[in-house]
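Two complexes, one shared chain (chain A), two partners (chain B, chain C).
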Partner chain A sequence: MAALRPFLLRKAARLLLGGAACWLLLSIPVARAEPIQVSVVLSESGGAYSEFADALRENLLNSNVTVNVVDANTQPPSSSRLVIAVGMKAASMVAGSNAPAVLNVMLPQAGYKKLLHDFPRRENSTSFSSIYLDQPVERQLSLIAAAFPERTRIGILFESPPPDELEQLRQKVSEYGFSLYEQEVGKIALFESLQKVLQHSDVLLALPTPAVYNSSTVRNILLSTYQAGIPLVGFSSSFVKAGAMYAVFTSPAQFATQTAVTIRKYIESGILPPAQYPRYFEVAVNDRVAQSLKIDIKSQDELVRKISTTKRQMP
Partner chain B sequence: MKHLTRIESKFMSQNFFPRKTHLVLNKPILTACLLSYCAATLAEEQDINEQYYLQEFPVVLSASRLPQPLNEAPNAMTVIDREMIKASGFRTIPDLFRLVPGMYVSFFTGNDPIVAYHGTTDQAARRMQVLVDGRAIHMPPMEAVAWEDLPLQIDDIERIEVIRGPAAASHGGNSTQGVLNIITRDAGAAQGITAKVTEGNAGISDAYFNIGKRGETLDYRISFGYRSDYGYDSNHITDLAGNDSLNNDSHLTHLFNLRSNYHPNAVDSVDIQLGYSDGTRGDGTNKINDPNIPHDHHNNENFEQISWTRSLAGGDEVKLQYYHIYQSVLNSLPANPLFPLAPLPALDDGYTNTRDDLELQHTLQTSSSNRLVWGASVRYDWTAAPARFLDEQTLQQSTLFAHDEWRITPQWLLNTGAMQEDNGMGQQNLSPRVALIHKFTEKQTVRLGISKAYRNPSLYEERGNYHFPAPIGTLSQSSGGLRPESVLSREIGYLGEFPELGFSIDTRLYHDQLSDIIYETDPPSGTPRDFINSFDAEHNGLEVTTKHQWGDRNQLTFNYTYQVLSSTFSGPADTNINYPGTPYSDTMPRNMISALYSRKFANQIAFSLGYYQQDTMLPIDRGPADRQYFTSRWDMRIAKGFKSTSEGTEGEIALVVQGLLGEHYIDYLIENQFNQRVYLTATLKY
Partner chain C sequence: MRKIAGIRQQTMLVALIPILLMALLFGSYSIYERFADADDALFKNSTLVSQHLASASEYALFSGNIGLLKQEVKASLMQPEVNFVRVLDADANPLIAERKDESVSSAAIDRVKANAPVFQDNKLLVLYAPIFATQLSLDDLNEGSEEKPPKLLGAVVIEFSKRHLNQQKIEMLFINLMVMLGVLIISLVAALWLARRISNPILSMGVIIHKFGSGNLGARIPPQPAVRELNELAYNINNMAEQLAEDRNTLEQRIQIATQDLRVKKEEAEQAHLEMIALNEKLSFALTELETIIEANPDLLYVLNTQGQLIKWNSNLKTFFGLTHSQLINRGALEFFCAEDQFNVAEWMNEILSSGSSTLEARCVRHDGKLVPYLCNGVVLKNPAGEVIGFTGTGRDITERIEAAERMRHMAHYDALTDLPNRALFSDRLQLALATANRDRKHLALMFIDLDKFKQINDTLGHHVGDLLLQEATRRMLDCVRESDTVARIGGDEFIVLLPAVEKQEDAMLVAEKIRHALCQPLNLDGNVVRISTSIGMAIYPKHGSSEHELINNADNAMYAAKSAGRNIVRMHGE
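Now for the complex of A and B:
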């Protein structure tokens, strides 16, 4: 015991010194610069939007950034150095305002493209960017590879015009050793299309196409895939709760983490990074459906790890 | 960019017909407006924004729709799925229960199957709950199941969950020794047309047609067909007394079953089922002094069932269900002036029963770790059986039930539940159940369970009066005042999965105490029989199910049962009763085995082999001539599938041999001598 004491003292002293140094470092910029105001404009109150705002505040607690949250009907104060627009409604409003720098989060890539189309002056600007809501197709393919090593035929239902994801999928599938069975809905009825896809695939990947997957079609789609013994990979945790087996998605808290990092970088450099997919993600699993289909399930952590480290397999 | 064009064009269509135009009462324009408004609303929904990703979908594959994992069920459970049904080669539903440990399957006649679990087995086995999609089919006045009349073909079944042990809290009244929970195929499960024809020896001739469609808001499947055979074709048996006996037990049953599901929106689903069966049944023997001479009776059954399910937020669910069952048996015997004792007048032993049942059930996820199911039901039974009662009989029963599943930790799961019932005969029973489940690893589980359940006296046991004109007279006259039978069951179960070995095991040890068993007295000749609470019994046993998987396509399910029965007489001292006079312990086989092996070959050839074995036994109400000695039987099925080049058309030819080695044994009665059955089935789907 006696021998330990000097060691503990030394450690405590070191901690104190380190703490003081940090305090000094942190307080210097505070002393020098005015607090930087960042406004967050929410498309709606409550739900995922508030969750995002709360998590962002928490992420920026010990910084010189003050977060000012407003709704999409309120113009953010002109003193804001950076405006974070959360969701499409807020993004449309902010893009049309005089806000000098805007980071659009939690909106789909297609929505961001529409925004640039509607507000051409925002295009090619280093002070206008986005963190998309959707996941890159590589991540979806890695999930399927990790979750169902024996299933190689991916079924896709889409409505014309095909979503951008489909073109990206077409380019990537072979790199992962998969084949794609595509069926366009509209040429034949949805449920006939579905039956066709189910006959020719081992796993159904749901692309975010509202005409195909919506709250009134999801019942039949989930029941049919279940009866055919084919797992469905969805695009949200709610989809998994409804009966899809897996989904890779980014939570509002994870969006907030990435947004906070981007804010800090913007303050340092004055430029926003190019629009990008979310860096952090989770995997939702429906154990009960997997068990019923007699498919061995892997834990969420294991899947996230595998997806993060998957090297593309060349055929 | 193409995508944007679509969004814009749909926005434009919305603006083109402003809502104001709805006021114009010009029909074509109004229709056009409504249509375009709908299209615009749809367009808004289809507009890609984050709401689409963040929206809540209704829970479709809810816990109540999916089969419960065996290692989380509060009772021991055997699941028979479509694959097993097919591999078994069986053509009737009762036969399937041979694949359940501890289950006794036999026949009173070739057209009157008996399915019973854990003994107290007689002609009208009635100590189990039997449900078809939530519809209780043990019917008054005997509370027995008319298996042959059930308007359901084996191909319409999705799976059967057999609960071994009392489960009143979750499955309602009469769940004394177990529950047979038959789940039929979803309305939209079978697309297209299926035709199946079976022909074989012993008069086997079956047909099954099914038409099914899954639609956007309406799914349906309609099946119809017939089932027929000659029953036990060993028509002439000489019994121990040297009497010649004729078995008249052939049958032909026509069946119709419809299930449709209307789901107008994402949260409501209305399930409508109709069924009809109609059949001619051979009955009677030519035994000397038996007034039941060979004749046919005519059975008819139909049911109508409607249930409405509404999905609530977070996977909660409310279900309201109503059904009506109608059964009628026309059983008339012509006058028999040559009857040896005295000329017999024409006899009528027909009956008509109905059941109306209304049930409300609410499933709610009270927290992330707790799920509660509660509900209530009322039931009205009616029977008109002139030979069996002095007047028409009615019975009104009601239940209140709740069942809770609490995940205390990921390793511990506690199931508690109870059902309170008013049996309509002046008694209130409370049937509680508690099961504690411990997953000591992800794949290994121990379950401790204790439960109590009641079987109410049947209308016939309580109020029956089985009488015919002279010279037959009154055969049975119930004095009434019966107490419900009860069972107190304790069990310990272990489930282990060893995926690396392709092996899983499900075992349970049980100790059941049965009280107040209702049994028929055996008074001196000329005095009517009566029903009394006559004895208590104790059942102890072990049940094991193992599943093995090896190679690519080999599967084996193996069931073993060991059971020991004992009983003590508890009725009034002056009663004449057979039991426990003859050893009750002999009424079930001590050891039973059933096994099903199946193998799929690459060229669409499937092979399966079933094995069924039971020790010697003497059914509870039979005389020594009917002893069932040690029996074993091998069944085999070989099938070859075909796929047409045109999409979606496929077929199969299958050969089934029951009693592969020419096994010969007695089923329940000496008249029922099993002979080898061979049949060929051809199926076409398109």
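Now for the complex of A and C:
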């Protein structure tokens, strides 16, 4: 079993940017006429969702915002000025409701697009926005660049239709000096597709496409990458626990921090910012896989710093 | 009769039965447990093997690597129990089938499937193990993870042989039976030893006790160190035997003494019996004798109770009173006596009962009413306790004796020839008459009469005629006096007449003259007619004397005076 060392770091970026922003916001005198009610609708109670809700409440402790947490089966009170829909299930429910302003948190970019498609009235609305669960492709590429400086061939498995990330990747790889090897699963069997990709890649980047990467396939995919000696970069801390070597991800607390900032901004301006990627992130590393593949690993702090720097350099 | 089991067998049974039951129980339980364990172990091991193969085959199936799959299957076939391995794909099509050797049939392996994953008989175990893709979560949010079932990649079916298991079971059974047999033998030996240890002392005690029973109280049970209680028992039995022996000796001695005593007593009793027989004979004889004596006794013999009632008598008595037995029995004694004597009789009877004996003369009333004087004596009768129960005695007819006494008395006071009072009786009467006359101030007259010529007649005509003369003279004198007067003969031909009460001297003289006259009349004496005369002297009290002697002397003198004066006259004293 792989011995994982999950590492949560409060990164300098967060401290500097997030902390400064909060301070800036808090220092602005706000007319606290009456408490502003914000409802948080959780897709499920417990786990990451509850962790998010608790962290959000903590972030909004010294404000005139009262947080009202309900689950996805309960309609948020109509008095709520803003509804935070956490997860896809909650987002689907709230999008269909009469909630005047909705901020969707921790849902995939693809899911948000589906919502806008399903509820067209929410499109182009300043009162309907999202903080994606997914990480921006630049951040993934920065991680690969920082972690595997000598590996330039990135393998991608996807299933038709190609995900949005693939297009973004195609656009960005060259900026980072990488080449991309794409293989569509479905035309041939997963194992053969995988073998092909592995033959033509130095590192396998997993995109959050459930048809390819799911709980049933991941073990054998990981076994195959291990046999091929190719490290896999996942998209969640769980993926790293399962056997991926690296993953860049955002914790519920980080989502909460970003959400709190967004709420304050909304209260201040009355508009929600456009849908965005999570601002804060962490890097998970599986030491044991790295050892097995005989790959030197970088420390998480270093990686986070490098990614952050890269991002800042990237326009 | 039902055969009674011995203590040895019973002790053995007592020791053996629980051991055997326990051995059987534990043996059975142990076999059951071991078999179950072995079955379980095989099943678990087989499950592990099949699961391992399923797990190991996952990647080979995922990757479609038949070579790898074969490798895994062959590895499984290396397991000794694995007979046959078949790997199916997700659609249950056989991908590969490998058997240990050609002898293995594939019949059983077709009998398992996804919904019936286990088949077994006593030779084979067939397991079906599905091959699922291992589930690993990728989603930090775990959103919607429940909806995805694990992906079935295929299945492995493995046939396991139970040959080794069955061999193992036979070995277990054999070992178990050996152990049980060992336990049985050990427990048999132990039970036998225990039984002997307990029963031997008891049996040997039994032999000794049997000896006691046969009378050999000298036998002793040796100490029994094996069992404490038995040792105590032996000790106590020995004590008991000692006590018994002691008691028996004492008893024998007592019996001996008693026997001796008994012998003596028997002899004494025999002696006593003989004596009693003799005594009885004597008694019988004595009784007969007594009866005879009683009957022969001329007297009246009687036995009376304390109430004075007649309870026994002789035939003389019966005859005397002329009564029957029933009339006599319990009749009061007083009734047999005349009324005048009854008071005395009652006194007499009281005297007997109080003082022991007494004698009485009383008159009994004979059957014809005659009173017969009897001299009755009586002696008390006592029972053996000394209580007075009555008295006995005899009554002797004393008629003759009384008559004789009367005669004697008469002879003493009367003259035998004339039956007139003699001088002594006359003296008494004179004394009495003197006392009376003196008291009454009366006179009495005393005459002295002498028959003249009597001697002459007596000498000439003989004493016989003399006696007749005296008797005739007496008769004539008595004719001349009153009843109250006394005529007495005081000598051969001398008579004296007392007239106790005379009014005057002349009256006395008249009587005297009358006598003189009567006597001078002729007498016919046995054919002899004779004539006599009398000389009569008279004295009067108190005129001629106050004492007997004085009066007799004076009358005598007067008679002699008359004689002198010519006889045949009456002469008053002093005239």
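One rule holds in what follows: the second predicted complex is superposed on the first by the 278 of 315 C-alpha atoms of A that agree within 3 Å, B and C clash if a C-alpha of one lies under 4 Å from a C-alpha of the other, contacts with A are read in each partner's own complex, and residues count from 1 in each chain.
The criterion applied here is as follows: a residue touches a chain if its C-beta (ideal position, glycine included) is under 8 Å from a C-beta of that chain, and two chains touch if they have at least 3 such contacts.
Given the structure is predicted, the values throughout are model-derived calculations rather than measurements.
Chemist: Could you tell me whether chain B and chain C fit or clash when both sit on chain A in the superposition?
Modeler: Taken together on chain A, chain C would clash with chain B, as the superposition shows.
Chemist: Classify the contacts of A:D134 with the two partner chains as first (chain B alone), second (chain C alone), both, or neither.
Modeler: A:D134 contacts chain B only, not chain C.
Chemist: In the superposed arrangement, which partner chain does A:A211 touch: chain B (first), chain C (second), both, or neither?
Modeler: After superposing on A, A:A211 lies in contact with chain B but is clear of chain C.
Chemist: Based on the superposed arrangement, let me know which partner A:V289 touches: chain B (first), chain C (second), both, or neither?
Modeler: Only chain B is touched by A:V289; chain C is not.
Chemist: Quick check for you: in the superposed arrangement, does A:K114 touch first (chain B), second (chain C), both or neither?
Modeler: first
Chemist: In the superposed arrangement, does A:S236 touch chain B (first), chain C (second), both or neither?
Modeler: In the superposition, A:S236 contacts both chain B and chain C.
Chemist: In the three-chain superposition, say which chain, chain B or chain C, touches more residues of chain A.
Modeler: B
Chemist: May I ask you to decide whether A:P163 touches chain B, chain C, both, or neither, giving the answer as first, second, both or neither?
Modeler: So A:P163 only meets chain B here.
Chemist: May I ask you to decide whether A:F191 touches chain B, chain C, both, or neither, giving the answer as first, second, both or neither?
Modeler: After superposition on chain A, A:F191 lies in contact with both partners, chain B and chain C.
Chemist: Do any residues of chain A touch both chain B and chain C, and if so, which are they?
Modeler: The overlap between the chain B and chain C interfaces on chain A comprises residues 43, 47-48, 87-89, 106, 133, 189, 191, 214-220, 222-224, 235-236, 238-239, 242-243, 249.
Chemist: Please give the residue numbers of chain B that touch chain A in the complex, ascending.
Modeler: On the chain B side, the touching residues are 1-7, 45-61, 63, 66-67, 69, 186, 188-189, 191, 214-216, 219, 263, 265-266, 269, 315, 499, 647-648.
Chemist: Give every residue of chain C touching chain A within the complex, in rising order.
Modeler: 58-59, 62-64, 132-145, 148, 150-151
Chemist: Touching residues of chain A toward chain C in the complex: what are they?
Modeler: 43-44, 47-49, 87-89, 106, 133, 189, 191, 213-220, 222-224, 234-239, 242-243, 249
Chemist: Considering only the defined contacts, which chain A positions touch chain B in the complex?
Modeler: Interface residues on chain A, with respect to chain B: 43, 47-48, 87-89, 106-108, 110-111, 113-114, 117, 133-134, 161, 163-164, 189-191, 195-196, 199, 208, 210-211, 214-220, 222-224, 226-227, 235-236, 238-239, 241-243, 249, 286, 288-289, 291-292, 296.
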